């Protein structure tokens, strides 16, 4: 592999990892603070992508889709938390897994009923519909650069919120000891609702940003969900920093797996995960 | 006492189906009974040891593929040879996956087992010579001493015997010291450790036993249908059996078996009622989790 | 008294016997549909079903004089559930004729059982080679295509265009693998060289790493197999990476079927081969497309055409045997002699019971699939390993 | 840390001369270190008898027996007797009073036949009667075993202990027999305050 090709592949891996981070960060936050393993997280990603398609097709603008869609999904997250997830906080993991698995089935049907089974494309915003030449042969669509930058911005913003705001302080306290937070007189229920809704919005935002890149199709959430699990496991549950590192590692190992071990590339990611677990059973940041 | 009579009556009723000779019901109930064994074996982990594993389908699929491989490539048809090999294969896989996964506790364990299931799925889906997503036929199904297990009746009785043996075996195991230790681990693992139990070793043993039984299910399934496919490895299958255990009532052994039977029938008749069959299942799962956490067995006891 | 009693008994017996004959010819004919109505391929299952019901309706809902009773099972495109679903239709519902499925893994499970049970079966989509190859059986027909048919002819097209060095890229599942094998067969025979084969795990849709690789390899052309969501994504990524104008893209027709809208301008100029195109200019096609649109509000597609042809094929053959499905030998002979003027052009069965049909060369122009020629006239699948072909 | 549940950041833990700093709790238990927790830590779903059984079984080397039913173990019976819960043997541990749960827990530790017991505030949260019952039990236990007791109830400590170490802010303030401690002005000032007996 020539150096320029190698550099290009690194770029591809990082870009893939960044998008994955956006999904996984919501998952890890919700788990870290609420203690709920949310299988429906992938469904929020999928619904986000479908909303992006649906709104963009009507308004002609992806930006409008994000501005309308993200609040809608945050609201959906709030409703789901109140109706279903809130009943799970004191329950075992089995109940959590199954209830959210049931939600996955329901959301799949919801998507079928609302949007049908077809595959849809979403146009990239016209401002970003140009390409940046890379090397002699290949070009990179500007939109990919945009999503990568957007993901980094979201990551930075999350870091600021968690480290510098009152809300973030409560989130950190909640992640380390939920009972303590309750004892301090903070309304944990409200904190949990807001956080779950934020996690949902993050997943949906990732789906919306990814929509022009991946196209929109039924079942798109499940592959992302399993990969996000791998990211969270590698990174260490509840750790945003870990999720960031994990996502980059997964993105890179998937990219290089495809090039170096074609035919078994999908198993590479899981092998990496097994290796990390062997060395650090609680994840990179755990 | 009443429960015991009901169980015996149920077993005899299942046995009676074997004499009906009806080709549909033989295969239908055969599949349902395999589901019973599958759910009971998972209950050993979920209900008794407190381990929520999503790797169960992997062992099922692995044993099924092993049988297909032994039959197609090596021409092995004698179950006295193929059954031990397939079970050993499932057990070995369970040992490796269990050893790795049990390094992680609680929710990590769930995610890691899920990831391993996916890995197995891709390995079997992508590996050359395994038929890819089309799957494989078991060209020559097990037969010996004039018994041909591609005959539905013969296969049915074999499955029935397996079901009865597995039930009695698990029952006995749970009443033995080993079973008590598992229950202790589920109830309070920290305490078990401070009492001097190397709990991980016990959990791993339970994981391997359950995985081996899941392998038995795969073996029986491949024998009954003569067809194996990577979809049998998919995490949806693992999710489904987990749901069966909860629906039936975890930690009761007979409950999950009951759940498997019920779900087979619901699936058979439910599909005619509505096209949105999966939404129905989804709603059912949510309802069971929220309103019936002890499952059908809990209902029966009250 | 005794006489009249005997007469009465005799009369009853006679009428009973007559009744049975009558019932055999007039009882409803049960047609099983093993198709996906949920999951990724639900749209395909719905189109096949709607087309079948549409055509049956035009024929008075009767085949060979017997009223049709449909028995549909949602196979969810899940091969793990397939054996149980097939059992349900054959042993449980006792259908006279089984049709379906879309997913070839489901088809393989189905073949295993129908070869044993001898149920008359019409495969309406799945293109697995084995169905009319290694596993071919007198009681199994296919009205769709074999994977070979959709890819082999494209090799010649590429060579004629002067593209002698190609990269292959495909989803690593049986549909993709078989399509590639067929293409390679034709391409090497014609003197082309394959620079690299890239297998992408199904159903992954992350292609960037491989696109970078293609860009560095600089072949004359790329031949791909993707379908559905993967096809939509790949074509867009390919154009986004700036490769569309540098290295022309060829593929089996499924690369653009049903996803042209999602692909948009990125699909412009792609050449594909398939046994059908929406824009085929013939009477039956125009008629069928109009009727389908009117009945369902949707555009007909290659899947609907398979449904359309399935019912016409059955109608022709069952008319010949007066609807008597128990006379299977005669019915099979009747099916083998079917000639159809299908929306896809002339249609008849090969000895292996796969359609002999034209494979069209299509190109995307102005966002529309246009037929620019026939890639292979009356293409017949080689039916490797089929015992019925001598 | 002593019982292996928390990892030491520095220093060494020695047991009979062997370095056991990084030993897991189950291994320490098998070496004869029994422990109880600050809050009662039992198996709420199991009966007293079953709890005792599990504890005694851990020393029986037969726990990997799969197919013969669990038999009664003499050690379990003895421990039930010793902690005074014979009458409650088939009550679920979760349904016991808090004091009884403590009794049960000490009984479980005894059933593992330890040579060294680590007890973390065994009297915390107990009423006067219950506490005196536990103190009596502990005095009995201490006769032929080493007992390490962490406790704030000084009366109880003085009545059981041979050696008392007073820790203030993580530092050893004074160490000696109960009499010496009682007499120590430093301890009196730092800990007992005006509450002098």
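As written, the chains take the letters A, B, C and D, and residue 1 is the first residue of each chain.
Everything that follows uses one rule, which is that a contact is a pair of C-beta atoms (placed from the backbone, for glycine too) under 8 Å apart; a residue touches a chain by one contact, two chains touch by 3 or more.
Computed from a predicted model, the values in this text were never measured in an experiment.
Undergrad: Look at all chain centres (mean of CA atoms) and spot the one farthest from the centre of chain D.
TA: C
Undergrad: Taking each chain's centre as the average of its Cα atoms, which chain lies closest to the overall Cα centroid?
TA: So the chain nearest the centre of the shown protein is B.
Undergrad: What is the distance, in whole Å, between the centres of chain B and chain D, each centre taken as the mean of its C-alpha atoms?
TA: 42
Undergrad: Find the geometric centre of each of chain A and chain C from their Cα atoms only, then give the gap between the two centres in Å, rounded to an integer.
TA: About 37 Å separates the centre of chain A from that of chain C.
Undergrad: How many angstrom between the C-alpha centroids of chain D and chain A?
TA: It comes to 47 Å between the two C-alpha centres.
Undergrad: Rounded to a whole Å, what is the gap between the Cα centroids of chain C and chain D?
TA: Chain centres of chain C and chain D, defined by C-alpha means, are spaced 74 Å apart.
Undergrad: I need the residues of chain B touching at least two other chains; which ones are they?
TA: Each of 122, 126, 276, 278 in chain B touches at least two other chains.
Undergrad: Multi-chain contacts only, two chains or more: what residues does chain A have there?
TA: Residues 112, 263, 266 of chain A touch two or more partner chains.
Undergrad: Sort out for me which residues of chain C touch chain A in the complex.
TA: The touching residues are 38-43, 46, 172, 198-201, 203-206, 208-213, 215-216, 218, 228-229, 232-233, 236-237, 240-243, 246, 258-259, 261-264.
Undergrad: Any idea which chain B residues touch chain A in the complex?
TA: Touch residues, chain B against chain A: 46, 50, 52, 54, 100, 103-104, 106-108, 110-112, 114-116, 118-119, 122-123, 126, 128, 235, 239, 242-243, 246, 250, 276, 278-279, 281-286, 288-290, 293.
Undergrad: Name, in rising order, each residue of chain B that touches chain C in their complex.
TA: 22-24, 27-28, 31, 122, 125-126, 131-135, 137, 224-227, 229-232, 234, 237, 268, 271, 275-278
Undergrad: Hey, which residues of chain D end up touching chain B in the complex?
TA: 3, 5, 24-27, 29-30, 34-35, 41-46, 50, 53-55, 57-60, 62-70, 108-109, 112
Undergrad: Okay, in this complex, where on chain A does chain C touch?
TA: 2, 5, 8-9, 12-13, 15-16, 112, 116-121, 123, 131, 133, 135, 137-141, 143-144, 213-220, 223, 254-256, 258-259, 262-263, 265-266
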